[in-house]
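The structure that follows is given in the form of structure tokens.
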Amino acid sequence: MPEPGYYGQFGGSFIPEILVATFEELVQAFEQAKADPEFWNTYLKLMGSYSCRPTPLTYAENLTRHFGGARIYIKREDLNHTGAHKANNVMGQGLLVKRMGKGRVIAETGAGQHGVATATMAAKFGFDCTIYMGEIDVQRQRPNVFWMERLGATVIPVTEGTRTLKDAINEAFRDWVSAMDDTHYVLGTACGPHPFPEMVTWFQSIIGLEARRQVLEETGQLPARIYACVGGGSNAMGIFSGFLDDDVELVGVEAGGRGLETGAHAARLASSDASLGVAQGYKTFFLQDDDGQMKETHSVAAGLDYVGVSPILSHLKETGRVRFSAATDTEVVDALSLTIRKEGLIPALESAHGFVQAFKEAPTLSHDDVIIINQSGRGDKDIFTVADAFEDPGWKQFIRDKAKEYDAR
Amino acid sequence: MPEPGYYGQFGGSFIPEILVATFEELVQAFEQAKADPEFWNTYLKLMGSYSCRPTPLTYAENLTRHFGGARIYIKREDLNHTGAHKANNVMGQGLLVKRMGKGRVIAETGAGQHGVATATMAAKFGFDCTIYMGEIDVQRQRPNVFWMERLGATVIPVTEGTRTLKDAINEAFRDWVSAMDDTHYVLGTACGPHPFPEMVTWFQSIIGLEARRQVLEETGQLPARIYACVGGGSNAMGIFSGFLDDDVELVGVEAGGRGLETGAHAARLASSDASLGVAQGYKTFFLQDDDGQMKETHSVAAGLDYVGVSPILSHLKETGRVRFSAATDTEVVDALSLTIRKEGLIPALESAHGFVQAFKEAPTLSHDDVIIINQSGRGDKDIFTVADAFEDPGWKQFIRDKAKEYDAR
Amino acid sequence: MLAETLRAKQREREILLMTHIVMGYPSFDDSLRVVEAMVEAGVEIMELQIPFSEPIADGPVILHANQRSLQAGSSVERCLAFGEEVAKRFDIPFLLMSYYNILFKYGVDAFAKRMAEAGLVGAIVPDLPPEEADEYLAAMAAHDLAPVFILSPSTTDERMARITRVTKGLVYCVARKGVTGQDTSFSDDLDSYLARCRAATDLPLALGFGVKDRADVDFLRGRADLAVIGTQTIRVVEEQGVEGVKPFIEGLRPPLSA
Amino acid sequence: MLAETLRAKQREREILLMTHIVMGYPSFDDSLRVVEAMVEAGVEIMELQIPFSEPIADGPVILHANQRSLQAGSSVERCLAFGEEVAKRFDIPFLLMSYYNILFKYGVDAFAKRMAEAGLVGAIVPDLPPEEADEYLAAMAAHDLAPVFILSPSTTDERMARITRVTKGLVYCVARKGVTGQDTSFSDDLDSYLARCRAATDLPLALGFGVKDRADVDFLRGRADLAVIGTQTIRVVEEQGVEGVKPFIEGLRPPLSA
């Protein structure tokens, strides 16, 4: 009988003593919410009226024809309010915060997506909101900083460490240990100490529940395979949740960055570069050196650029239930480009990782097979990154002209 | 008995002889589609599986409390695929193009929203696509140009005239008269020669049909008033359509720009600056000089910055069925700001015009009353404009740094 | 009346020339000198275009001329005065050409009255199909002016009949799809199209869109009654100045004495 | 054993001092000189922190020291060697402090063995609650080392009992919410919290987080057994150099002879 919060040897709750009481309160609130069918109904209602759930399952007819194999369906988390599956998690945690009677939320953010989602939830629920974001990400992802500030959140640039996502997480924990009485830390993915992996997965399972119903309705059959990108693992766990007990192959796709052989990647489960460790409150595979110090990671997709991974996914890898692969930056931009042109869909760079692997495998399957790709978010938020990836000269000129305009005033 | 295509004295079809046959074909295809219930079902199915329809009707609890009058509901067209109600129109016309067996679409665009929507539809349906866009708009709205190009469309900058929306329309007509055999012109709003006003309204009426059902379900009553911004008039006609026969006050809000008294606005129906005229193929109120030459218009919202207006709305103004007002740029930025902070919603600058008027009137109504604002699109597409409107220093620095980075390479 | 005038001129010339200018481009002085040169070069009839901010049926060259004329400050009144001046000064018929809004804003009847007073003989309004033209037709009739309508290759026989029924003076046949100022391939298709036009009306047929040189005009001889030279003269003025106009026009047909 | 050592020292001094350094910050040479100065100034016990890339329980000053030490190339092995060196050279007990991953990656038992060989007496691992500590407790016991656990004001009495049951040597009581390096208000609340800690265990109580000057130490006299000076000595070194350490520490308590 595994301890609560453990998935095989992964997970746990490695937290400073000062937070233990807070976590106990959170675990309790979460357990009560899970046991209360009204809570899930309230959650469904909120997501249906504030976001756009159920999100559609779109048949990608042109891509299907292009690859000439399996019929490709796309689960459209990009159509959520704020543009990604992150909305599911934050709105769920928002309801829990209300239940706990707290008035302030904090969050880490890398790409800015989870920060915007949290700031949005905070505006909607009337919470104070502080977002921690690595200084480098603040610089790279200014548009999201702008929106977070408009939404009333305080964005604090984190200047220590690698100045990216993992350091923002550390900083959020530091805030939390100082202010846990009235503050809830809205962790953005299925990582961190118990109950976060389970709780975030629970809220995200709305994706898989919908997708299962939809694919049966639409095609009368279960999919052969499901593809999802894996940063922390929340969108993947979200869609996988609906199919764990089915005869459906689940494929997680990590950031291959410049190639697994270069070391400049964020593949914790698809490469042999990661090893078991304990950091940021939980035990999982980390990209770390022999001393246990965390390494720098790389991905064209800021949201996948993280050293750890959901302990639940580590476990599902170990049991063989989920297969993992990696997509390189170049493959990602190509898959993105093809998807935009063939279907008029703009996946986020993160999501495009799932598309890469699906495109590799679709031709090897039969037209009788159905596959689902989880489009976790929309890519138009990434224009600065995508335009750079495409080396678009018109865009560069536009930015130069805009800078001149600002200088002139 | 009015002639087809006329709404009172407004509308008609003032087109070059060379296009008459093309319009006859279009009218016929449209009439057949309207008469065929399968067509509308196909349309609903497409919008449900590719976009996110029905879009939610969100109760704006915080704004309601803030203003202390009518209960404010928001129809969430921002959650459409591509981020605005424009999707409804283009996907509908796309189905019609397929029915007519044509292989190429063209469109005008101002803000770029309709261009992106059309390019998206073209990618999805496999049509060739050319988008005409005023040179000034190409410069201002580069992000949208970037996406249109990624979607496979050719974007042609229009260098004549005011180099904005109306000139792009003229240029699209010029293309069409050269290539109508295989080309359909996807006009972006409820303007232009018959059947466009009626046809675009028909596709957009999906908004009103949904909203009526939703508000009754949610509140058990009809709204007292409905607010929608008016550029060409398509989103307004879309939502109004569902309530024309009801005892519901309909309010259209035009661009007041720098103030009606300054002349720098785009208020055709809410000001006395416009007069009846015939241009771009139809008869309506235009902002024109005494000679009949069109004037330059101004709005912070590119999508409202247009000289003409739907002939159907001109008629509904004349009959008194719809009331019109204008919102200034400053009021719009304030309403946007408040809405972001209170509800976590980011209306497009265009849509925010509707919010301005609703906010003025909500406190004068009772809590027993319900009002609906049509949030025609999302504002995160407008970051360059919004950041400028807010004079955000962090944003400016970001752009300067980005420009330096490009110069350095 | 206009039709008879043209028929009379056709006794001297098998194919007549109708030329086109945008009034006020590049200036009213230049416009006057261009008209003068054209009349001297033997042009039989002219279209004077009042510039409009939204000329949807015109191609880039004429569009540009419209814009520049407006930017230089030309007004409808100034254009009408110009029309009056040339109509009094030169002994050929002048048609006005503009988009419907110019007439509509002026007041259609007032506009026709003013045209008649100015000595202009008719008008071409490319965005006004007969279906929308009741008021215009009444006004033109009341002031004895020729409403010139347009036929296109995609116009059905039935519609040709309907259009020519309300047309006076001449019928303007556009040679092809597209806007003004593009090349037209003068081919068999054109032949059969013109035959259809001929069958629809006894009025002189003016063929426009893309006529640019002597070969084109030669091709039209015996097929149309008038060749319309629009964009090409604007190009000539832009490239060679007003001086280029007369030689260009004269070169389009063999000399009269020949 | 450690507990007895401390109790023995308490016969001379009512309140003991435990100080903290991040090994390798700003350099191992400086670290050595700081230890030397502290020992000379009469510190009774020291925490030696092995830097970690993700020190979630530390505030900005110690966080920064962790980062700089790592950037300067300090390794776990080098830190252990440093621990060994000072343990041999100076006659006070030394505890290691680090995050659990450092031990975990090394191998928890191997780490404990190495500590014991180095002459270190115990460890503080702030992100390792007793619930997750089975392996660690076994290794520490096997090598006769003191596992020092932490209590906080939000720890319930029940949980205090559970934690102190597995703790050896001393109990580390954090004074308040928050991370290291912030001000603590030494007040009645603290009083009742320390009374609860005292009730839970016979072990010496070390109070940490925010102790920064003589007034704070005076306040703790009679309430806690050890005052922990963490962030403040790093600040002193940063502001006054290693020279500042000895006078600072000496100033925290009245001289022994007094």
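Quick notes on this structure:
Letters are used for the chains, namely A, B, C and D, taken in the order the chains are written, and counting of residues starts over at 1 for each.
Throughout what follows, a residue touches a chain if its C-beta (ideal position, glycine included) is under 8 Å from a C-beta of that chain, and two chains touch if they have at least 3 such contacts.
Given the structure is predicted, the values throughout are model-derived calculations rather than measurements.
Touching chain C and chain D together: no chain. Touch-path distance (fewest steps) from chain A to chain D is 1. Distance between Cα centroids is largest for the pairing of chain A with C. Averaged C-alpha coordinates put the centre of chain A at 66 Å from the centre of chain C. If you average the CA atoms of chain A and of chain B, the two centres end up 33 Å from each other.
One inter-chain figure worth recording: chain B and chain C are separated by 38 Å, centre to centre, where each centre is the mean of the chain's CA atoms. Every pair of chains meeting the contact definition is listed here: A-B, A-D, B-C. Touching chain A in their complex are the following residues of chain B: 48-52, 55-59, 62, 76, 79, 81, 83, 119-124, 126, 139, 142-143, 145-147, 149-152, 337, 340-346, 380-381, 383-384, 386-387, 390, 392, 394-396, 398-404, 406-407. Across the complex, chain C meets chain B through its residues 52-60, 63-64, 67, 70, 75-77, 99-102, 104-106, 126-129, 131-132, 149-156, 159, 163, 174, 177-179, 182.
For chain B in complex with chain C, the residues that touch the partner chain are 12-18, 20-22, 160-161, 166, 169-170, 173-174, 177-181, 275-281, 286, 288, 290-294.
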